[in-house]
Structure formats: structure tokens, C-alpha cells
Amino acid sequence: MSAFLTHEPIDLAALIRRVSGADRGGIATFLGLVRNHQDGRAVLRLEYSSYEAMAEAESARIVAEATGRWPVAIALEHRLGALEIGDAAVAVVAASAHRAAAFEACRYVIEEVKRRVPVWKKEFYADGSVEWVDPTRMAAPIVTAPGQ
Amino acid sequence: MSAFLTHEPIDLAALIRRVSGADRGGIATFLGLVRNHQDGRAVLRLEYSSYEAMAEAESARIVAEATGRWPVAIALEHRLGALEIGDAAVAVVAASAHRAAAFEACRYVIEEVKRRVPVWKKEFYADGSVEWVDPTRMAAPIVTAPGQ
Amino acid sequence: MTVGPSTSARTLTLKVLLFATYAEQAGRESVVLTLPDPATVADVLHHLRSSVPGLDRLPIQPLAAVNQAHARLTAPVRDGDEVAFLPPLAGG
Amino acid sequence: MTVGPSTSARTLTLKVLLFATYAEQAGRESVVLTLPDPATVADVLHHLRSSVPGLDRLPIQPLAAVNQAHARLTAPVRDGDEVAFLPPLAGG
């Protein structure tokens, strides 16, 4: 059950090694790094949490969809727990003999992960406030205290 | 003149660090690895050579085109000299606040590099033959001896 | 804790999982719920909103999952299912 | 080495660079060429093919560059230009 979720720092080079075979010379990757601001507010750190069993199952479904649709091998990892600014929160690696397939599969996987994998992000701001990030809202709402 | 060409192993993590800023949380990369076969023949090793002054100039033009067209920072490196199977020959990193821009710019740069940057590849095969790779031919021609 | 009507002829018992803001609003991460059979995800939502303090603030149409897969509000639920309501996803 | 006609009124002198298969065919990596002015990249190609041993095998329409930028065969060349003929590119 720990194929796609990790509490450790993401090791992109290790993920690349996992999928780059003799036949797969084209490697497209996507890394999502923690930014130091959200809607104009300074972020100090954040915590990712998840519905882990479903996140693993949904990630496996997404990877299966991608490998069924393109001739690729996929590595996918999403980090949970406390992250610092600049840390990688998610990594996707798509390796293929075909460059176009690697790019398309990599893009597909990250888009579907963001759309479907149950992960939530709690941000801790420089002004002391804390908030669960809601990407469906255009701008951040008024501060919500933790535990409220 | 050594901005884009290198004779050293490509360090993807260093390239990512070079372009990933506080505002650029989306990092798309492409790595081209040396494959162990070409048109069905086993490759032992290969050598990349270049028209270096033009390769630098053309690479700079491609990067300028990408950064003019998308809100991205780009790192690009092509390795020259003797490479082993599995080594990275080329790396492109596109960093942006916008995931779509990172992917599109990364793809643009690698496509243009392959189309426009003057680099040549000499492959040394398991059967003792040596050949300059010609991607414009569908299949490899009869063996050409080195220096011929 | 079991919440729900007790007068139904046939019932189904579900475990409902809550996460992130929803868990904070409810003050808990799971609820065991017994409902008349048949029932849909929407019925589960309705019972949660009306019977669990704090969950009256759940949105009208939250993301939902049944047995660790996304599900529509019209999807049926069966005895023993694991139902979850998911705040807006923010991974990646 | 200078290769080219000696009877023109005005001439231009170019450095021509050769790479990979083309350099191996010519047995050299550069040629200095003097041509009647005006001239195009195609004129440079024609002179190379007819006067440098081994370069008669150059393709009819190779990739070309003038002063480190891609150029069409119809592009003019000027005195002092660096002209290059490029075998099929194989980078990346």
C-alpha cells in the first residue's frame, strides 16, 4: 500500500532509475514544488494529508490508464506530512522509446492526480493563520483557525 | 560559450535548482538517455560531436524563443564526447508557476533542439562496425567504416 | 457511534470517513451510520447533515467516494460500504 | 588551402566548415574558398562538390549555415563569412 504515497523526501533520480530501461530513452518528468506564497500570502510551511487507501487505489488506476494508453513506464510519488518551501510534493516520471508518448503520459498522470487523488494541503502562513487550501476557490477566504 | 554544451555527466538536480524559483512550482523536464540499440543493432557506446559555436548560438535562440512565448525559466544542457548506455545525452528543464506552460515550453525546447542544434552521434556497435546516426533514414544503411 | 433511523424494516450499516475541513467541522474522522435500505450516497449525505453536529455545513454536492473510488451522489450504497466525503482536492 | 576560380573581377573569401560524415569524406574539417562576388550558399556547395576530393558525394540539398545560423541554399554569402554544411542532425 505504499507504492505511491511517501512520508520521505522524493528522490527524483531514484524514480527515473526505476522506469528508465534499455528500450526507454525518452524520460519526461513533472515535479510539483512547494511555493512560498498562495494568493499573495507568505507561506512558511505546509502539511499534506490524504485518504491513503483511496489515494493508493486511485493512483494505481491512473497509472494503469496511462500505461494502457501509451507505450510508457510510469513512476508516481506523492509526499505526505510536513513539507518546507521548495520541497517536491509530487513527482511523475514517464519513460518511453517515444518522446511524444512520454510527454503526453506524464501530463495525463499529473492532471489526473490533481483532479482525482484525495490529498489535502494545510498551509501555515507568516501572519500566523492556517488554512486548508481549496483550489476551487479563486482567492483565499478569510482565515480559518485550525480545528474549527 | 559553455552555457549549453558540456563534456561532463548531466546533473539534472543541479539544472532543476538553477531554474526553480519561489514563484515557479511546476517543473517539467525531459531527459534523453543513450539506448542500447539502434535499428535493431546492439550499441556498445557512442560519441557526440558538435559545431560548438553554432550549437551554443542556436540553443540560446531556442531558449529565448521559449522564454518569450511562455512564462518560464529554462535550463538546457547537451553532453558531448564519449557516452555509455543509459547516460543522459540531453536535459531540458522548464520551470513555471503554470504547469501547462512548463510542459509546453519543455516540449518545444527539446523538439527544436533535435531539429536545429548541430550535434552528431557516432555509434559503436557490438559487431565492430561504426556509424554516424542519420535520423532522416528509416533504417540504418550498410556498415560504414570509421574515417571512410 | 451509530446515527440514523431505527424504524426501518431492512437497514444497512455504513462507515463514513471524513477528512481535512470536514473532519475538523465534525470533530471526528469517521461515523458509523445505519440507514433504511435501499439508500444512495445522497441519502448518506442528508443523514450526516441533519444528525452530526458541525456537518450541517457540508456543501450541497461534495465530492464522494464509495469503497475507495469516486462515486456520484446518485450511486447506491450497500451494507458494509466505506463511504467518504472529500473536501476539494489539493494534491500535487 | 584556397580553392576556386582566379579570373573574377571581384571575389569573396569564405571559410567553409565540415562536420561528421562530411568531414570524413573530405578528410578535413575546413576549407578556405574564394569565389566570384556575388555568390550564394548554393554556389559554395557547387564549388566544394566540384573541387574538393570526396565532397562530390555531398547531398544535393544539405543543411547549411552561415555565420552560425541556419541558412537556405539561396542565401547570399559575403566576404569573410563562416559557411558550414551540416550532416543530418542527431542530437538529443
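Each chain gets a letter, A, B, C and D, in the order it is written, and its residues are counted from 1.
Just so we're on the same page, a contact is a pair of C-beta atoms (placed from the backbone, for glycine too) under 8 Å apart; a residue touches a chain by one contact, two chains touch by 3 or more.
Computed from a prediction, not measured in an experiment: that's the story for all the values here.
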{"item": "Both-way neighbours, i.e. chains that touch chain C and touch chain B", "value": "A"}
{"item": "Taking each chain's C-alpha mean as its centre, the one farthest from chain A", "value": "D"}
{"item": "Rounded Å distance, chain B centre to chain D centre (Cα mean)", "value": "27"}
{"item": "Cα-centroid distance, chain A relative to chain D, in whole angstrom", "value": "52"}
{"item": "Separation of mean Cα positions, chain D and chain C [Å, integer]", "value": "76"}
{"item": "Multi-partner residues of chain D (each touching 2 or more other chains)", "value": "none"}
{"item": "Shared interface positions of chain B, touching two or more other chains", "value": "32, 110"}
{"item": "Contacting chain pairs - touch in the sense defined above", "value": "A-B, A-C, B-D"}
{"item": "Chain B partner contacts - residues on chain D that touch it in the complex", "value": "17, 19-21, 24, 65, 68-70, 84, 86-92"}
{"item": "Interface residues, chain A side, partner chain B - complex", "value": "12-13, 16, 20, 22-37, 85-86, 97, 99, 102-103, 106-107, 110"}
{"item": "Parts of chain B lying in touch with chain D, wherever the complex brings them together", "value": "32, 48-51, 53-55, 57-58, 61, 78, 89-90, 110, 113-122, 132-137, 144, 146-148"}
